[in-house]
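Listed after this line are the structures, all set down as structure tokens.
You will see chain A twice below: alongside chain B first, and alongside chain C after that.
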Partner chain A sequence: MTDIFDIYLLEAMVNGILLGGVLALLALGLNLIFGVIDVTWICYAELVMIGMYGMYYLVQYFGLSYYLAAPITIVMVAALGALLHLLVIAPLLSAPPINQLLATGGVLFVLQSFATVAFGIDFRNLGIRLPVLKFAEMHFSYSRLLAFAAALIGMTLVYFFMKKTYVGTAIRAISQDRQIMALMGVDTRRIYLITSALGGALAGLAACLLVLQYDIHPFVGLSFGPITFLIVVLGGLGNFVGGFVAAFVFAEIISLGGLFSDLEWGYVLAFAFFIVMMFIRPAGLLARRS
Partner chain B sequence: MNIRQLLPWIAGAALITLPFVYRDPYHLHILILILIWSFAYTSWSMMGRFGLVSLGHGGFMGVGAYVTALLWNHLGVSPWIGIPIAMVAAAVLAMIVAYPCFRFRITGHYFVLVTLALSGIVLQVITATRDYTGGSLGYTPDRTKGSQLWALQFDDKVTWYLIALGVWAAGLAIWKWVDRSMDRYALEAISEDEDAAAAAGVNVTWEKLKITVISALMTALAGALYCQYQMFISPDTVSGIAVSLQMVFAVIVGGLYVSLGPTVGAIITILLAETLRIGFGTKAVGWDNLVYGVLLVVFIIFLPKGILGSIIDRVKAARRA
Partner chain C sequence: MLELKSIDAGYGTFQALFGVSLDVKAGEAVGVIGPNGAGKTTLMRVISGLIRPRAGSISMEGTDILKTPEHRIVSLGIAHVPENRRLFPRLTVEDNLKMGAFMPEARARFAERLEFVFDLFPRMKERRHQMAGTMSGGEQQMCAIGRALMSDPKLLLLDEPSAGLAPVVVQQVFELVKRIRSGGLTVLIVEQNVQQVLKVVDRAYLLEAGSIRASGSSEEMLANDSIRQAYLGV
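Here is the complex of A and B:
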């Protein structure tokens, strides 16, 4: 009896790690935008949702292959991110932070209802069913393995972009001191725009990966949006490494909680854990104690 | 007494006599909804006006509605006792989350996201305990035969209209009461600069906690009333992040810093939703939220004080000129 139980436990733990990869990707995008522009995009998961619809239509209606549709979707969502910055965030840069937060909350409504109006509320899926990998009596879906690998590659690319290129260096510099960089001759507006597009691109990549696991509907963003915010806050807003660690902690809690009871209880546990952690480490998991 | 002091009394009397003169049930229904939601939005802005932006009020509203209904259905506890219990439950929940937040000075973005987690928890708990709460399919309090004062169930709209009117007026009275108290100055100082306020001798944690508990109590009452009036609740209509955002949206549109702002917000949003529903029929699904969302963004960018707030500013400026 205990043997079988341990196999399930191990399977749930591995699945948790696989889920954590995609969550870490989303957390990275949000952290990037927060770290540089000092804005939280409440509508971030809705960008993913739009990207998922993009994948659906590209594959189902235009008959493109998955691997051709994915780059197009990433570019499209990146453009959407840049547009969001130009239309909503740029006019509000000097407004109180709460107003920026609420404005992106408004965009959340807009994107959700736009999807409802344009695509209807039916559940759709890509129709691609990837095989299931059997390994030592455990079952893992290829879609999750692919998502995990692609998320890691995406994060590595962003890492090298930030470390090796001029624009990446400028982005990191701005996240350290917003005022001084403008005096150093860096065009902050351009950097903000690039960062927003990059954040959008990460959302687009997440969309390409999540579309393999989730059915698409206008409210699909709610099933991973709130959890992403909690991850980012738990890791410390703007703290890339913290967000990465927190993503895996959360994914494990959800996955293991779901093993012992319903999936909802996994979420309840994760939320409760978050609130408790906020009191123990209010500035994030990896923050130094002042 | 001059005309300005008399005006609220005249308006109040007119509102009370209205249902006895004009009895169209559909219009009364809309008015009742406007009054209940106005009260909920007023409760939210009790905190919101002092910079305490909460996205957890969907949670408080859900607790108010579900605790009342569950106590009635499973234990036969009358809503007259159930509603106070539900309100206390919401207040306790608010204290559990808010006290450490304020104690450890979690403010701004962090506070918004912590409260967001709270409404997420309440929504998930309601869905997860579907054996008792009906989950996402919704929940109906057991009906009594005809109107029963004990069960707080009434068939005629006039009674409900008067109840909703009374609660709404009480909400405005609480707003006025806070407005005149010393706490208002303390909280305004805190929202400007916490450190300076603390240095000036304001007990920051205590002041914030007080207004949060008041706000949570009122929001739970709004949820319970909505439940008793509609006789149907679902996680989507009384709890969760969407409801929290809806509160923020209506208040921002109406005007956050004036007592009647949330009411104006409720009138605008509900009339908008109804007009779209009648105009487009079933095709309206999604359109109302699309218009809401665009308006919310436009308002925050161009008219952050809301409709009523901006009008009052204009009138004051014109008087001075």
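Here is the complex of A and C:
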């Protein structure tokens, strides 16, 4: 009995890590936008939702293979991110934060309503069912393994982009002192646009991965939008490493909580944990002590 | 090389500069001295495009700075070491220097410029992987000057390089300015440390309450009675 229980525990822990990968990817995208542009994209998960519909139509209507549709979707959502910046954020850059929040919140409803009108409220899926890996009496779905691996690769690419390139270094610098960027010869508007496209691209990648695990409907963003926000806040807004750690902490709570009770209870536990942490460490898990 | 004519500038309803004219010729070192709040930093910010003047004109080697986008001004050969250094504290020394070479013209010569800066400041080579914010004030000033030199400028703007530094470090910073000058770089330096700066520059302007009150060679300024009384305490 104890042996079997341990197997389930291990399985749940591994599944938690797999879930954490995709959540970390989403948190990174949101953190990037917040850290650099100092704006919170409330509608971030809705970009993912649009990307999932993109995958659906590319695969089901245009008959593209999954691996051909994925890069197209990523580029498309990246363009959507850049467009969101140009049309909504750029005009409000010097507006009070509450106005920016309301504006991106408005975009959330626009995108949800647009999806409802354009695509209907039916639940759709790609029709791709990946097999399940059996390993030492544990079960792991390939869609989760693939999502985890792709999320890690995506985050690694972003890491090297940020560390090695001039634009990446400027993205890190701009969050520390935006006023003097012009003295470095940096056009901040261009960096903002690149960052928004990158944040969009990460949402696009997440869409490609989540579409293998979730059915697509106009409100699918609600399944992971709020949790992404909690992760980003728990990790400390704009703190990339904190967001990464918090994603795995949350994923384990959800996964292990689901083991002892229903999956829904995992979410309840995760949200309760978040509320408690906000009292203990309001500036985030890895907040710098000032 | 650099020419300012009748510059009026300020922030909001506050005017900081009133009809300031000055010029800097190639190869010169020019100082701007004056008390706190005289408009010295505003003057520097107007030259590097961080704020735009309300009236007047500024040209760099015949190019109108006011018609140049702010992020292109560094490409004209103007590098600005801002007040309080303004390093990126959570980037490494090397990444800070890399930011100084951001413009396309400078990227191609990054390795060469990095070697030049490391020759000038061997300390920066030792600390290249350290976070800039963890260094001492003097080291941060070296890093800030190094960052500006990465763009291979013709004109270096130094805003209060001695501020907040220990006296012995202040000496080092002014020694350094001399060395940079001897390499043929043109320097415009703003300072409250009048005694020290007049030893390094060829000419100086006295800026008080947003207007140029006096100008002349370093010897003339040192001999000027009102400057001696107000700034040198003799």
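Keep this in mind: the second predicted complex is superposed on the first by the 288 of 290 C-alpha atoms of A that agree within 3 Å, B and C clash if a C-alpha of one lies under 4 Å from a C-alpha of the other, contacts with A are read in each partner's own complex, and residues count from 1 in each chain.
The definition used in the following text is that contacts are C-beta pairs under 8 Å (C-beta built on N, C-alpha and C of every residue); 3 or more make two chains touch, one makes a residue touch a chain.
Nothing here was measured: the structure is a model prediction, and the numbers come from that model.
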Which superposed partner A:G106 touches (first chain B, second chain C, both, neither): first
Which of chain B and chain C A:P226 touches, first, second, both or neither: first
Chain B versus chain C as contact partner of A:P71, first or second or both or neither: neither
Which superposed partner A:F114 touches (first chain B, second chain C, both, neither): first
Chain A residues touched by each partner, larger count belonging to chain B or chain C: B
Residues of chain C defined as touching chain A within the complex: 48-50, 69-75, 79-80, 82, 86, 88-91, 95, 98-103, 106-107, 147, 151
Contact set on chain A toward chain C in their complex: 166, 169-170, 172-173, 176-177, 179-188
In the complex, chain A residues that touch chain B: 34, 40, 88, 91-92, 95, 97-99, 101-103, 105-117, 121, 218, 222, 226, 229-230, 232-233, 237, 262, 264-265, 267-268, 271-272, 274-275, 278-279, 282
Parts of chain B lying in touch with chain A, wherever the complex brings them together: 51, 53, 97, 100-101, 104-106, 108-110, 112-114, 116-118, 120-121, 124-125, 127-128, 241, 245, 248-249, 252, 285-290, 292-297, 300-301, 304
